[in-house]
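Down below is the structure, laid out as structure tokens.
Chain nomenclature is as follows: A, B, C and D, assigned in order of appearance, with residue numbering initiated at 1 for each chain independently.
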């Protein structure tokens, strides 16, 4: 019983981290209709950025998150404005291919710049934990979870209540709707992609505090982010949070009850099932 | 006159909205039946229900005395039901000729299996609707009026027994409308029964043998065109709304 | 004109078929690899280029074909040919069982679902002891590259002939109609569900056969390399680079890109991957419809071709 | 650019473009395909550096003498981008196009498994120091030789040591990744534990590259085992240790097949690396005499000075591979691959890595020394003759460090 409680806590905390990883992917996909295969590579870059801030400037990884997010936002903005805006109206294969190409480029650049060594962000509190009776709650994961919830709710409020957020949501329905809000579409696209990448950067910073970063972690993280975004649905950040939690819990339980090599079977199996039976996600509107 | 198509108490709901509500009518052999109604009256939904791209929530649709409610769209097409789309959807990357050839290759009775023969049949249909000179152009390079004709030619190439026309005249000028009316009349002469959905009341009045009016998804009139158009309820629903 | 084209094709085939008799070992190796990639691109072309469904699940067919051969030869000690048949059976079964539900999805959703299926297959096969779990299987080596080369060539010819047949058959027209407008195809009498599943299966048969040949040739396979998603991305890149929905485009794309990639990985080893990524990005931006379209239109438009592509797709 | 075009033409028309190849007539060329990019590039570089370093050293000493002719060694190295299929093709290219004389190996068992088929096919001997899985050597191949100790015995010395600890661990959890090497380790370890009378309370295979060990760690905690043995990859081990700390999981002892001897493991974990047990078939000791470097300590020092990081057993094994080829060629007195192969099989010499002598199946057997991170440094704690330095045992709780 204690074990089950511990596993559920693990699953929930893991799910929070998963949710931030997928938040930006879902936004970019839902609004711009770009399936960003390079998403994991941006998470990786965010991780490296956080690592540099921590290692060379001594900035705490959690305090450094805004810096990481802003820098990554700028990178995202420039990439969308300069590259991805060029293919927004091209056939679907092409957006998949170009983001795949970007993933390859970013991965190799990262290896050239940072080498293939593992990097960890290991502040003093990273390994400490709080004991709640027999159950142990890791501090860093709890903080990451808190940040995840805050970012998700913040995203949700932003989309619902700010002018830019409303323009972004309108754009998800209709390409030129941005103009109705007095925002230039090219700028709006770049803003949206920038926010998505900023979120990926923040996710990378969080990831670095609980795991380690190397240039090749991107592909796996992209795949995970897909599963979460699809399970949660693309039209609501709160759905993504639910998707993350569901996946985190399912994986943890699978490892406990089925075996440690079945985690991926479970998560991608659930993804396929959700796609087939509820293609708009667990919380998404049904057609 | 025998009924080709029998629609019995058909209803279609979308989330929170009844698009077609308990509608019944028949389409007789060799008849041109006009269906009119204001925007959102459920006309296009009705065509989709008959052609099988939408399934009814309740009710029955019968073709030549046999229920087709459970059949998928392609089987209805093979039985002999052809339709055009209001929002024109040619196969944009194919040539005009090949667009029509698809109709001949599939269509009524399973279609023609030989590509060369299918293209011959398609060319004949292009002649019939007056598009022969565009045969080798890409379909997405056609202008609006020509696309309307292409929709017709595609449906006709299927050799249908029943033709469902969803606003084939919208957006055309008077000369073009007359040409389409002429085409449809000649189609009827081939023994094809036609259901025409239209906005242009004048056109449909001169074309239809019978007129049916939909309003908020319900049938509010069905009968002789002149009588229907002078019906008070129709005038209020249709024209009253226009004035508003 | 038409006769000349056939003569050229036969001559090109004769040259290709003769390669193992005058080319170096490395060329033959490269040839086997390029031919198999071309088969994969051509197989993808059927479901992706003609039916318009961006399948990321073709690497699953490839993997099933590889494992069909490996399991038959290693675990059951059956001949290679039986393994090929077994692989094809697995692929077709997969196409029907999972194609039916998954092919109801459109656009990105289909792409992602097939991507996930490939992941599920890696995870499942890693747990199957008959497939050697995650360690993989080692096949008995056969030192006969000529045989592998000619087999691959025959397979490519078969795949290309099939695609050629598509362009002039009712089945092919049905697929194109589905790609161009699925609802429109259905109301014209195309049995869209059946056609899509058949296209998926046909595409799977060629991928599986390619996988089978590759497994026997390379003599080793494990789940990660058998169901490698980047192989699927490669197929798409090659097909799209050459021209999806054309008969020779994917073959051309496979040959050109394999050559580029081979030269890069033997010459400037460590930046090969980087360069490959850049080629993809630039190609997608400037020639989104592939080499086939470029060759067709470049003569009339010249350099403006690239500018026009840019203008057509940007906002 | 024009050179590229030429190569293209060469490749297409089968005219082998030897013109751009740097080898001179009196060079003896060793070919290898190693992971310089991709997920295992981190370990791949040990081989690249060790190969080049050793080749340069041998050349400084005048190269190798074959018959009465003096040869310089040269290295032809490709990056296989951590892709098995590519590495197989590159080895084929090395043999049939680049015409290298002899082969050095890639890193990791799955690569060695696939690549050994190439050396066997072309009958060119490959000495590899990167694959330890027993599978590689059970195929009765004649042209593959390995300088890593057998995977099945990685935990052998550790289990022996456990029996002599006080209090001796009674129960263990055995975790292993699902790849060729780690499965071999697990298969070899189970009977060792059984013979030692230690209960295996938890025996779990996990997915390679897994990053979340919370569930497994919770199970370990719940099973309350004395010791945890993990066979996996370095990144997994790092995750394991960090997550063990964050879940306050502290068995009396934990030991890992990889990571512990390497410098970046200690760098990445900092103080948390302490108490971790591991094993190494090689320690940079001055007792290991070497013909070219003097001894292993001198090798380690020169290596670190040149590349900026400490060599571990991967690097030493790579260096030994080059030496083995060099010695075999001299012994054979010819470059004929078959003769060299027979000479390799008969080798017996002392090197910086230890005594090099291959068993019938082509693999070397070296005893594993148990090591432990103590105050940020690697200490050898248990070897063939029993305890060397005192192990820090049992491991204290995380909050008591």
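The criterion applied here is as follows: a contact is a pair of C-beta atoms (placed from the backbone, for glycine too) under 8 Å apart; a residue touches a chain by one contact, two chains touch by 3 or more.
All values derive from a computational prediction rather than experimental measurement.
> Tell me which chain's centre, taken as the mean of its C-alpha atoms, is farthest from chain A.
Chain centre farthest from chain A's centre: B.
> If you average the C-alpha positions per chain, which one ends up nearest the average over all of them?
Centre-most chain by C-alpha means: C.
> So which one's got more C-beta contacts, B-C or A-D?
Answer by contact count: A-D.
> Taking each chain's centre as the mean position of its Cα atoms, how many Å separate chain B from chain C?
41
> Quick one: report the Å distance separating chain C from chain D, using the average Cα coordinate of each chain.
Using C-alpha averages as centres, the distance is 36 Å.
> With chain centres defined as C-alpha means, what is the inter-centre distance between chain A and chain C in Å?
Centre separation, chain A to chain C: 31 Å.
> Identify all positions of chain C at which a residue touches two or more other chains, and write them in rising order.
Residue numbers touching two or more other chains: 123, 126, 134, 273.
> Multi-chain contacts only, two chains or more: what residues does chain B have there?
Residues: none.
> Where in chain D do residues touch two or more other chains at once?
If we look for residues of chain D contacting two or more partner chains, we find 37, 178, 207.
> Among all the chains shown, which pairs meet the touch rule set out at the top?
Touching chain pairs, listed by label, are A-C, A-D, B-C, C-D.
> What residues of chain B sit close enough to touch chain C in their complex?
Within the complex, chain B touches chain C at residues 51-53, 72-78, 82-83, 85, 89-94, 98, 101-103, 105-108, 110-111, 113, 115, 118, 154-155, 158.
> Enumerate the contact residues on chain C facing chain B in the complex.
168-170, 173-174, 176-177, 179-181, 183-193, 245
> Note which residues of chain D are touching chain A in the complex, please.
Going through chain D, the ones touching chain A are 37-39, 41-42, 44-45, 175, 178, 204-207, 209-212, 214-216, 218-219, 221-222, 234-235, 238-239, 242-243, 245-248, 264, 268-270, 272, 398-399.
> Spell out the residues on chain C that touch chain D in their complex, using ranges where they run on.
19, 22-27, 29-30, 33, 123, 126, 133-136, 138, 141, 143, 218-220, 222, 225, 259, 262-263, 265-267, 269-270, 272-273
> Contact residues on chain C for chain A in the complex?
That would be residues 48, 54, 101-102, 104-105, 107-109, 111-113, 115-117, 119-120, 122-124, 126-127, 134, 233, 236-237, 240, 244, 271, 273-274, 276-281, 284-285, 288, 310, 312-315 of chain C.
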